[in-house]
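Consider the two complexes below, in which subunit A is the common component and subunit B and subunit C are the respective partners.
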Partner chain A sequence: MSSLLVPARGWFRAPSGHERTWIGLALCWCLVLTLMMPFWHFRGKQNSRGEAYLVTPAGFQARVDKFIAATKVGEQNGIPVVSPAPGGDAYVLARMWSWSPILKLRQGETYRVHLSSLDLQHGFSLQPLNMNFQVMPGYDHVLTLTPTSKGTFTIVCNEFCGIGHSTMIGKIIVE
Partner chain B sequence: MAHAIAKSDYTAPGGAPAKTFELFPRPTAKTGLVGWLTSVDHKKIGMMYGGFAILFFLIGGLEALMIRTQLIVPNNRFIGAQLYNELFTMHGTTMIFLAVMPLNAAFFNLLIPIQVGARDVAFPRLNAFSLWVWVAGAIMLNVGWLSHFVPSWGFGGAPDIGWFGYAPLTSKLFTPDLSTDMWVLGLQTLGLSSIVASLNFIVTIINMRAPGLTMMRLPVFCWMALVTSFLLILALPAIAIALVEVLFDRHFGTNFFEVSGGGQPILWQHLFWVFGHPEVYILILPPMGYVSEILPTFSRKPLFGYPIVVFSGAAIGFIGFGVWSHHMFTTGMGNVATAAFAVATMAIAVPTGVKIFNWIGTLWGGHIVTRTPMMFALGFIWMFMMGGFSGIMHSAAPADAQQQDSYFVVAHFHYVLIGGATFALLAAIHYWFPKFFGRLVPEFWGKLSFWIIFVGFNTTFFPMHFLGLNGMPRRTWTYDSNMGWNEGNFLATMGAYLLGVGIFTYFAVLIYTFFKGEKCGNDPWDARTLEWSIPSPPPEFNFKAVPTVHARDAFWYEKTHREETAKEQAEHMQAEAAHGGIHMPDQSWYPLLAAFGLMVGAYNFPQMDAPLVLFGNTLLSSHLPLSLAGVGFLVLSCYLWSLEGPGGYHIHLDADGRDTTPRGDHY
Partner chain C sequence: MSSIVQTLADGTKRLVNPGRVCATTGLSVCSTAQRFIKLNAVAAVVFLLVGGVAALLLALTRWQTVHLLNAEWFYRIVTLHGLNMLIFWILFMEVAILYFTCTTPLNSKLFSKGVAWTSFGMMLTGAVMVDVVIFKGQGDVMMTSYLPLLAHPAFYFGIILVAVGTLIGVFNFFATLYIARRDKTYEGSMPLVTFGALAAAIIAVVTLLHGAIVMIPTFSYSMGWTPQPDPMWYRLIWWGLGHQSQQVNVCAMVACWYFLASVTTGARPLNEAVCRTAFVLYVLFINLASAHHLLVDPGIGATWKIWNTSYAMYLAVLASMIHGFTVPASVEVAMREKGYVRGLFGWLTSAPWGNPGFSGFFLSLVIFGFGGGITGVTLGTQQINIIAHNTLRIPGHFHVTVVGGTTLAFMALAYYVIPLIFEKDFIGRKFARVQPYLFGGGITMLAIGMSFAGSMGVPRRSWDIDIAGVYGPAAHLMLGLVGIGGIIAFTGLLIFVLLCVGTLLFGASTEGRAMTDWGVAKSVTGAPTAQLGEHDHSATKGTFVLTLIFLTCFAVYYFANWKALADVWPVR
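Take a look at the complex of A and B:
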């Protein structure tokens, strides 16, 4: 039959046999994949809930200063090291081009980590876990997290923030 | 219909000639500089779009090679951080706005009027205006590079804010120099060009179709151009508003994005991506159109599931407006918004997948001819699918938190935009080159360039998936050697050099073909659409007789119904001759002059606080008079443009289709 001709009417055949089995399997697999997302969200309890509040940069800085004064345990290269109370709030402040303070967390305890920026947009990228969150001025981004392994984790800025972007590195210590 | 063409455009009601005013005589030169600068011929405008776009494509490629060279080893000092920031900003901006979009515009211009059986676009002078406004925008975006050679230029280099210019990095506080203003106004100007061009193509496609060419017989490429044009006119106002807000923040003390004044930087992200995500489909829908034209030709059978391909293209356009916040999953939007945008993003994969199945269905059982355009088109299907897969990985919001702003994203969108859009564009250039230059590209060299590009592309971008999952952030000037990113970066840079060699081979072969290639007839590929029924290169008036379309694959039908076609064409030629001959649009200076006025106005506007200094002498205390003069020139040009009237002249053909009109004879 010439391929230029219009196919005869009634060309549609309902799938049957193997074809029907494969379509059914593909459909089930789609459903499984789709349902995995909400299932794992509630079962795994690992995802950020996207919790964020409006703040002013000055107001956030005042809270960070108070937090540092209350929990400071040391200093590394001029950046304060703090040890927040388990179950409580912790703060990380981003500015061009540093992260402050250095958090000292305890394994197995849950913290509410507040992220915000003083100047422009930064990106909070926790290495080597590779979890990424955007840090905006005027926006208090809250991560509820429970460290499950010990060690030193690096914070890399992954949102372009000017000439010093590649040098903007911070730290979280879990013991 | 021929009657309407002959009577409507240049006679006032009552038959008296319309009153017009011409400040200087309208240009009639068809060749030479004046011929090109004042051209309203859609083919010439398309060639200029294409030529400029390829120039910027190569510039953007050189920028990419410098970026990759900087990242070849850890802690490299090949270029400084400042230059690096300018390079990646301009690489993104150039490739999107100055390479892929204008290359698509070039094909819109070259092909749409011919594929719908028309003699030009609906508004030929407006079409020239789009081109020259685009050139003005391109100049403004790139003018900052000059300050690397002439430090007194005062720009502080090219834009260095990333191609999506996240606020408040764009505020006067963080980027005080002019480069950001030029970026803002350059994009604004390019947006104007795109909106004007889109309106033109929408009217052309809907109003100027040949008899018998119903919407559901329209070539898929024209359908995709129609959807793209609607996306452009709906998406660009969002970025236009956002850019105006940035400009007001920078120059008039408003607080749209200033946190200290109560502004919200996240507003920029929303406005930018509500434009930016449809923009992705603006870039990829026309390439889907080229591939839908090329695959059937070289499979020797019609496109499988034509209506579904068309509808899924339109569905992509609709859903494309409801997915923008998937760029913002990690900003803390909350569960509901995140889930909604994740589902919408997954939904858009359905029409995209449908298209891929239809292309495979077209190949299935076909008599596949692997010429070079077909190789690129097959490469497109595979590589675009890979980009689609990593796209679905982003759409799962929890997984996206591991990919946000990492090299995984860089790998994803290069698979979509090189493996997808660029492969299809390279296929299209190769496929339609014989039509517009009358010469066939040598098959061996074409295939060689394909294989070099294919291997180079995958070597460059496949390792980036792993770099991203290992945490390498994008836009980083350099990295430490203990991060585990050394091998991947080295491999990617080597791939980039290979890709450069491939692109060089591709265009070197085209240049060779342009001068020395084997000459070909009207229809070297035994193709299906109307452009192959006319001579290569096409005459100014495209068709000696307006075609009548009887089938989707219009030219395949004509080839199998020669007598019927000849009879219809003779009738159409007679009818047109009876009404004064083939009516063609007149050239005009005003589109070029209006675009020039716009550029002068926009270029001087952000400098209004700075004195005008030339060779060390202060000529004016402010740039404001120059800016106003530019705007005045724009207004005056548009005014004179409207007074000169549509004009137009007739071409008379003899029975063989030869032009018998005396040169310069109007009416």
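Take a look at the complex of A and C:
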């Protein structure tokens, strides 16, 4: 009888044979998939907890300005370079179409990096590591980040934010 | 019109409603349903062509060496492509499928012509409105239209029209199920294909309600009537629409698989209870899934993310894995009963691969399972999403679900819908036989290119990657694969559209006769006639081996991604 026809009476019966074995296997695999996430949450080092606070764009801008004034160590192409205190707060502000300031971090130290946007949504994509986080206007998104490798890393915007989207490039330096 | 009494293969008689009896299948076809299946399918193919031309332009722009469009037109065309493909082509086709599955298999007539007109009119008006806004450059906001990006109000109004129009079509489906049951046009349980469509329709209602909840305040804001909705709230509800609608597509695609397996190889569901339970799992567990688009978003806690990511334990994934077994297993049993019993895979190698209905469906099954399923679960894992979010890995994933899977299954379906419903035999049959391979092969190549480029950090929806100065030759090579795969897939798409349109205009009529056979599996002479049961282990051993290979690939890919994640900076 085909799948287009009414099934014969008594069609409701338990699976058997390979079908039953497969369902059992698939169910076990789904259990593995499910348990991996809480396992990594407690044991793994990379987690996105979504820690965030409401903030107005003007409020965030003011905090970033204060942060830059306190930690500025230089400038590159008109963008301030800052060196935040290990263990402390660091800010990156996204707007159409730039990231500011440039963070200078120390390898192995942990920072609370605050991300927010003045205008549209943006995407914080750290290359070449390929770590990606959403940046929202109105939300102060806090990443507790520990750079474990040295070098210059590029922030690429990966949420569409208008015509200049692909030119929105920022920088993080780890030494 | 008078009723006809029809005699089924097993000798039972049943009453046929006004319409005609199909000379190929012996099933009844309601003439109103037939008209609206035609209208919706034609509209679907037109939007597929619009989206297809856009696709070619995009592929040739992302191929960094060619870099065809300028930035403005690239973003405009991404918006056009997303909406015409994912929303218009798919929804029109799904309404056509709903109208078919609630009438012919149930031997019923369509509930209402007026309702069907209203639905079609609203959907078409809305879709045209959206496209006009996009071409006028007033809707460069991507199909997701994330606030605070803002399009012309007609953009949102058009989408609302399409959504409400579709809901009205879905209502017509439910009402038809009701009158069929009331008038006892069939006895017992509804056929499996209709049951699958019912699951799709139920999810569609939940989905489209989310669409209304998010689009109406946004429309009102764009008119200046109300303040701007919160962008995070918008993302949450929008994905209630955006993700769940993908499950509608999965349901519709699986229903197509069962249908095509039956008509091309004579397969019957091994265990109806298992297949139906799997559809019920989709309905019950998918409504939480919007989470996996928000895994690296602020303001949403880890507990919420983990719980919703697994849809409370991946039971919708289980459902797909069940269908991934039952569909090929039913083909294997049918082929073995026809006498193709050699070895593990003799049934598969002897299958009617020259029949585009079969090859399209089976490629869709393989591409969806091995490509879409494995990548989808992996990318949608809460923490792994950190190394995937908004990179090209994401379009790499969904071009092997909704394109290599659903779209290819719908194309395969068309090779039967046009002869059976439009009553036209296909022209260009040689081209039709290679079309599924071109389209499936091209899309697979495109998706592989996207996935690897994405693993190297290449962002999606980005006009140019060279400005960043961090992507090397390997990433550029992968984007070349996107370009070439895109050209091949577009060729397959164009052949499909030309064949469909050509057949409607010039195809020989099949009125009153059976359609010209594409080549279905025939019994080997002297084959044993006994039916094989599902408890018979030798009957499904080939499929079982295939599913074990699948599970191995899945595990390898999944854990390789955990390894890749462990290599990036610690973050909380």
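Throughout what follows, the second predicted complex is superposed on the first by the 145 of 175 C-alpha atoms of A that agree within 3 Å, B and C clash if a C-alpha of one lies under 4 Å from a C-alpha of the other, contacts with A are read in each partner's own complex, and residues count from 1 in each chain.
Simple rule for what comes next: contacts are C-beta pairs under 8 Å (C-beta built on N, C-alpha and C of every residue); 3 or more make two chains touch, one makes a residue touch a chain.
Worth saying up front: this structure is predicted, and the values here are computed from it rather than measured.
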Partner touching more residues of subunit A, whether subunit B or subunit C: C
First, second, both or neither for A:K45, with subunit B first and subunit C second: second
Partner chain(s) touched by A:K72 [first = subunit B, second = subunit C, both, neither]: neither
Subunit B versus subunit C as contact partner of A:P57, first or second or both or neither: first
Which of subunit B and subunit C A:K150 touches, first, second, both or neither: neither
Common ground on subunit A, meaning residues reached by subunit C in one complex and by subunit B in the other: 3-4, 34, 37-38, 40-41, 46-52, 119-121, 123, 125, 127-128, 130-134, 136-139, 141-142, 156-166
Subunit A partner contacts - residues on subunit C that touch it in the complex: 8, 25, 27, 71-72, 75, 78, 104-105, 140, 142, 146, 148-149, 186-193, 230-232, 258-259, 261-263, 266-274, 294-302, 305-306, 309-310, 313-315, 317-318, 321-322, 325-326, 329, 377, 381-383, 385-391, 455-457, 459-465, 467-471, 533-537, 539-541, 543-544, 547, 551, 554-555, 558, 562, 565-566, 568-572
In the complex with subunit A, residue positions of subunit B that touch it: 81-82, 85, 161-162, 166-169, 171, 174, 259-260, 263-266, 300-302, 328-335, 337-339, 342, 346, 396-398, 401-406, 469-471, 473-479, 483, 551, 553, 556-557, 560
Residues on subunit A engaged by subunit C in the complex (per definition of touch): 1-9, 11-19, 21-23, 25-27, 29-31, 33-34, 36-38, 40-41, 44-52, 115, 119-121, 123, 125, 127-134, 136-149, 154, 156-167, 169
Partner subunit B, residues of subunit A touching it in the complex: 3-4, 34, 37-38, 40-41, 46-52, 56-57, 119-121, 123, 125, 127-128, 130-134, 136-139, 141-142, 156-166
